[in-house]
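First chain A sits with chain B, and in the next complex the same chain sits with chain C.
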Partner chain A sequence: MAVVTSARAVGRPRRRDRSRVAGVLLVLPSLLYLTVFVFIPVIKAFATSFTVRDRDDAGNYTYRVGLDNYNQLIASDTLRSNVIFTVFIAVASVAIVFVIAYVIALALRFGRGPSARFLGRIYIVPLFIPSVIASYAMITFLANHGFVDGILQAIGLPDGAFPKIVFDWKGIVITQVWLSLPFMTVLLSSVLLEISDSLIESARDVGASSWQIFRHIVLPLSAPGALIGVTFIFLGVIGGFTVPYLLGPNAPQMLGVSMVYYMTNYFEPYIASTQAVAIFLLSLVAAVYYVRQQFKREIR
Partner chain B sequence: MAAQVPALPAIRLTWWIDDARIRRMLLRLFAAALAVFIGIPLLTLVLWSFAGEWFWPNLIPTQWSLRWWQEVLENPRVTNAMFLSFTIAPVVTLLTALVAIPAGYAFARLDVPFRRTLLLLFLIPNAFPRIGLYVSLAVLYYQIGLIDTYWGIVFLHMIGTMVYMTWITTATFRSIDPHLEEAARDAGASPLRAFFSVVLPLAMPGIIVASLFSFLASVDEAQGTLIVGTPHYITMPVLLYTLISSFQRPVAAVFSVLLALPSLLLLIVAQRYLHSEYVAAGLGRV
Partner chain C sequence: MKRWLRPITPIIAALFIVTACGGSTPSAGGSAAPSAAGSAATSAAPEDKELVFYSGGDTNVQDLHTKQIIPAFEKATGIKVTFTFLEHGTGAQGIYDRIKAQKDTGKAQWDIDLWESDTGYYTRPDDLFLQVGASDIPNLAKVPKPTLDFVQNKAIPYRGSSVVLAYNSDKVTNPPQTYDDLLAWIKANPGKFAYNEPSTGGSGDAFVISMIYKYSDYQKYVTQPFSAANEKDWDAAFAALKALAPSLYSKGVYPKGNAGTLDLLNRGEIWMGSVWSDQSTQALAAGQLPKSVKITQINPAFNGGAAYIGITKNATHKQAAMKYLNFLLEPAQQSLIVTGAMSGYPGIDWQYMPSDARTRFSGADKEYRLWPGGTYGQDMQRLWHEKVAQ
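Right after this comes the complex of A and B.
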């Protein structure tokens, strides 16, 4: 396609020039939108996080550049434990989602029969459930005196034996896993589809065991898609608000929740912005990897 | 050849577990476990919405009733929230389409200067954790007076929908044979005419799918709307936050079912057309 376009362009230079102008004009509105509503806010958040507001004796505010907000983030026990908690939740959720989604994807790729078809229909459902509803469903399902607790009671466990899952880190992780399963599974299935049957058959022919086939063929070949999924879900969980807000403990809080509290309840845009920047920095590696991989796909 | 055909699937099935019986049993067990994990939480919500009386530890309600449905549907807060959600979503979708479709076309077909850099910039919104982005935007909204306004919410919803629609339309336009457009041009059609009567109709399926998802994304967006829309602009999911936090279990359940209906409807309609590409383009609504 590119060859055709450029060959024509050489023949008709004027059409090419027009096409450049048209290209700029067509991209401009969306670029303008992104600049005002994404790039400027992010740059401003960086600037705000380095701005310190002092109050002098007369009660007037003065502003200066400094690292005080970051010092506060590190020095405050609460905020520091929020940062650690956030990273822990994100890593745990991604690890669990990866394992379960991998099993689903393997079953979809290599399994046959009604169970596999059923699996293919059911795993996609959470994709269509808004996270507020998913969180609420999980609360009714997993709360103390919720549905699962009721079943345990029915089979004779004593009242109070059910562990605290809702309003605890476990509730956040389980709900994030529930919500992220379809996305991860779709990505893994699409890379597993690209592994040819003949490759696996020939490995079998030369006597490879199931584990060897998995370890040396299936796993390495599915790595690229798996990594995109892992980074995207990591970004989603680390920057999540709804699930930890509805299902998380009061302390420690995930950064998303604490950031919103600082913003809307305490009217502290400086600390809120600093936490936003902290989240950006915590996810920097994942973000760079994600952009690079998607970029490669776009360019191709 | 005829003898080979049944042999092939047998080989590719067995690489992971040799015994067919165990393999089938494991698969069945796993499918059942997943169905319970995904399905039962949603089912309990539906049960709660029809529960007249449900005391723990009964596994199903002891009395059934429609009164919560009546209460929810007659509550003006609920109808106002529904009205607001369904007036924001079409505007978001329309504005997104107006901005994203031209960009998608340009990226797919035209010789855009700095194409690589621009494509990179278009990936940035997805690379930043959303809540960080929304809080940064709220700080800006306070300064320019967009906080707690209708348009503030619309522009916030567009962050997600625009990136998504730009990608889908870029992919869609790229999949259309460029010769068709060239032929129309050679036959004397203006660039606009060639676009509207040849390219656009062919791209319609992709655009419609992207629009449907944008609409749903806007209806379902909760966290950003909560930050920039309170206290006056309460959409359906934001109201649900309040209902859940105030422990009105059956009311919140009715409202959840109501809010999930449009998406589930789409699931049924769209499952056949659900391209993995579209999902991979970042529908992960986490």
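Right after this comes the complex of A and C.
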């Protein structure tokens, strides 16, 4: 953002030199930061992912350059299912967060009375709870023979009928939804606030039903902002570690967890880097979309 | 939104300050200590009057040395011990490099006498540690030979722990005696046994390693260097583990971490599991596990490991260092390790231990098997994920 603002300031001819220096100075710290902590690691990870390590019978390593790591990512059942699992979890979490957050945001925007006010205060709570704590809470809450199962059994659910949520994909999705909800709701609420009351009232005056107002006015006007929120949640979930580590199944694993295992437990930094590139490419899809939306805003 | 945030801002600011201060303390302690140690080790007398001891690990290791062993040793021998502790092996490589630098520059007297760290350091080809035997340290005669062979006598094992079998004695009256018994029990009691995911804690690894030792000769792993050919035997072991999954907790859910298995035992979800000797004994002492949970060791045993201390090859105070290690291996000091907060196994054989120490691990006061770890360990964990996890 700083880049764009300073570039605009350059337009005036008289103070051109001074503002150019100031602009460079302003950009320099963030550029340095990005270079050291983002660009160089990304390039290193890319380079590492093309390093192939072979081992002889005595455990000595030899190194060469090749595409073997990428072949393995596709050919190995374990690694391939990890990639698919990661995309599945991210898409499922984002879709559910979007629907629930939209309903809450609508209630906050158009709802009146004490229940809407109460909702307005309570929905923000997960934002202040660290994901580790939330994950452990979910385990005791949703585990088989956990809190919820206990209550259901007390009112007649047979033992063993409670579905497996913890140590399963469902556990990851539920916890990610719970953690992401406040952010998405805050974002959607501000988007919905931008839609003026007069627009909705005039639609109502000409006889539009609530559904028509939602379908033809609220939804289209909130879509761009909402999709930016979706992008952020997608990025957060796809690179997550804590929640899938604590609540996920032993296999398949999400890429964040699998990457750590390959790096620290299996001593396979080359496969780990290849998985990092996979996460990077998946995130890139979302990032490109986000940048394009921002670009459109700048034009406006 | 804003009204919500305003009262919280000072709290967040306070948290930042607290974490910032907390982070600075250990580094301050770490930087002050080496200079003190350096000045202590300057002169060498025929009769050593001091000893420089570097150690790392958890705070319970620090407490054991500083509060119990060192004061008793100083009182008994009059030797002054300078003890430097680095928590959780932080800077272990730095200490190693410091010792190596003294070798490389040809110094005749090195300024660190004793070093306690990860086992792998003692046998590195740099050859920085003194090979010791019972003639130097008489109590070494009481130490089981395999644990000394494991480090080529270049360090002495003074405490240990192993994986044991924990069981709920309300439900299990006759715990299995062998690994095959255990496998039969698991099949006969579906859903009542769990071992944790190997990558997340050693007590899970031990169950898998026992299966590997069932299909592959144990001696190959403790007496020979790494050979990838041995891993060909593992396919049968992993197939057997995969076949066992439907009989395990939740039809093949592997809890995360050593604590995961203890948690399932505590909640009564499982009746049996593989756990660490020290962790389970501490949990029992703290009331975190019901009294009905008991531990036992199968035969041949699950694997375990020892913590080692090595004497540097050109230590300035070699005699004092040997005295300290001999003192540490006395049954009296070994009992402190077993019955104290550490709940460790002794470094010497159980048969030399007093009976009150043995009763703490009654049923599991036995020798354990070893596992070389390293490349074998990395491969075992990866292959388990590829071939067993579901």
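The working rule: the second predicted complex is superposed on the first by the 251 of 300 C-alpha atoms of A that agree within 3 Å, B and C clash if a C-alpha of one lies under 4 Å from a C-alpha of the other, contacts with A are read in each partner's own complex, and residues count from 1 in each chain.
Heads up, the rule we're going with is that a contact is a pair of C-beta atoms (placed from the backbone, for glycine too) under 8 Å apart; a residue touches a chain by one contact, two chains touch by 3 or more.
Note that the structure is predicted; figures quoted are calculated from it, not measured.
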Q) For A:K164, is the partner it touches chain B (first), chain C (second), both, or none of the two (neither)? A) second
(Q) Once chain A of both complexes is superposed, is A:S283 in touch with chain B (first), chain C (second), both, or neither? (A) first
Q. In the superposed arrangement, does A:V186 touch chain B (first), chain C (second), both or neither?
A. both
(Q) If we overlay the two complexes on their shared chain A, which of chain B and chain C does A:I124 touch? Say first, second, both or neither. (A) both
Q | Touched partner set for A:I213, first chain B, second chain C, both or neither | A | first
Q: Look at A:A92 in the shared chain and tell me whether it touches chain B only, chain C only, both, or neither; answer first, second, both or neither.
A: neither
Q: Figure out whether A:E268 sits in contact with chain B (first) or chain C (second), or with both, or with neither.
A: second
(Q) Between chain B and chain C, whom does A:G59 touch in the aligned arrangement: first, second, both, or neither? (A) second
Q) Touch check for A:L246: first (chain B), second (chain C), both, or neither? A) both
Q: Could you give the residue numbers on chain A that contact chain B in one complex and chain C in the other?
A: 124, 128, 145, 186, 245-246
**Q.** chain A partner contacts - residues on chain B that touch it in the complex
**A.** 8-9, 11-13, 15-18, 24, 27-28, 30-31, 34-35, 37-42, 44-45, 48, 56-59, 98-100, 102-103, 105-107, 109-113, 116, 118-133, 135-140, 142, 155-156, 158-159, 162, 166, 170, 174, 178-179, 182, 191, 220, 222-223, 226-227, 230, 237, 240-241, 244-245, 249, 252-253, 256, 259-260, 263-264, 266-267, 271, 274, 276, 279-280, 282-286
Q.
Could you list, by residue number, the parts of chain C that touch chain A in their complex?
A. 1, 4, 8, 197, 199, 225-229, 250, 252-256, 267, 269, 375, 378-379, 381-382, 385-386, 389-390
Q: Give every residue of chain A touching chain C within the complex, in rising order.
A: 55-59, 76-78, 121, 124, 128, 144-145, 164, 167, 186, 245-246, 249-251, 253, 261-262, 265-268
(Q) Under the stated contact criterion, what part of chain A meets chain B in this complex? (A) 1, 4-5, 8-9, 16, 19-20, 22-24, 26-27, 29-31, 33-34, 37-42, 44-45, 48, 103-104, 106-107, 110-113, 115-116, 118-119, 122-142, 145-147, 149-151, 153-154, 176, 178-183, 186-187, 189-190, 197, 200-201, 203-204, 210, 213-214, 228, 232-233, 235-243, 245-246, 255-256, 259-260, 263-264, 269, 272-273, 275-277, 279-280, 283, 287-288, 290-291, 294-295, 298-299
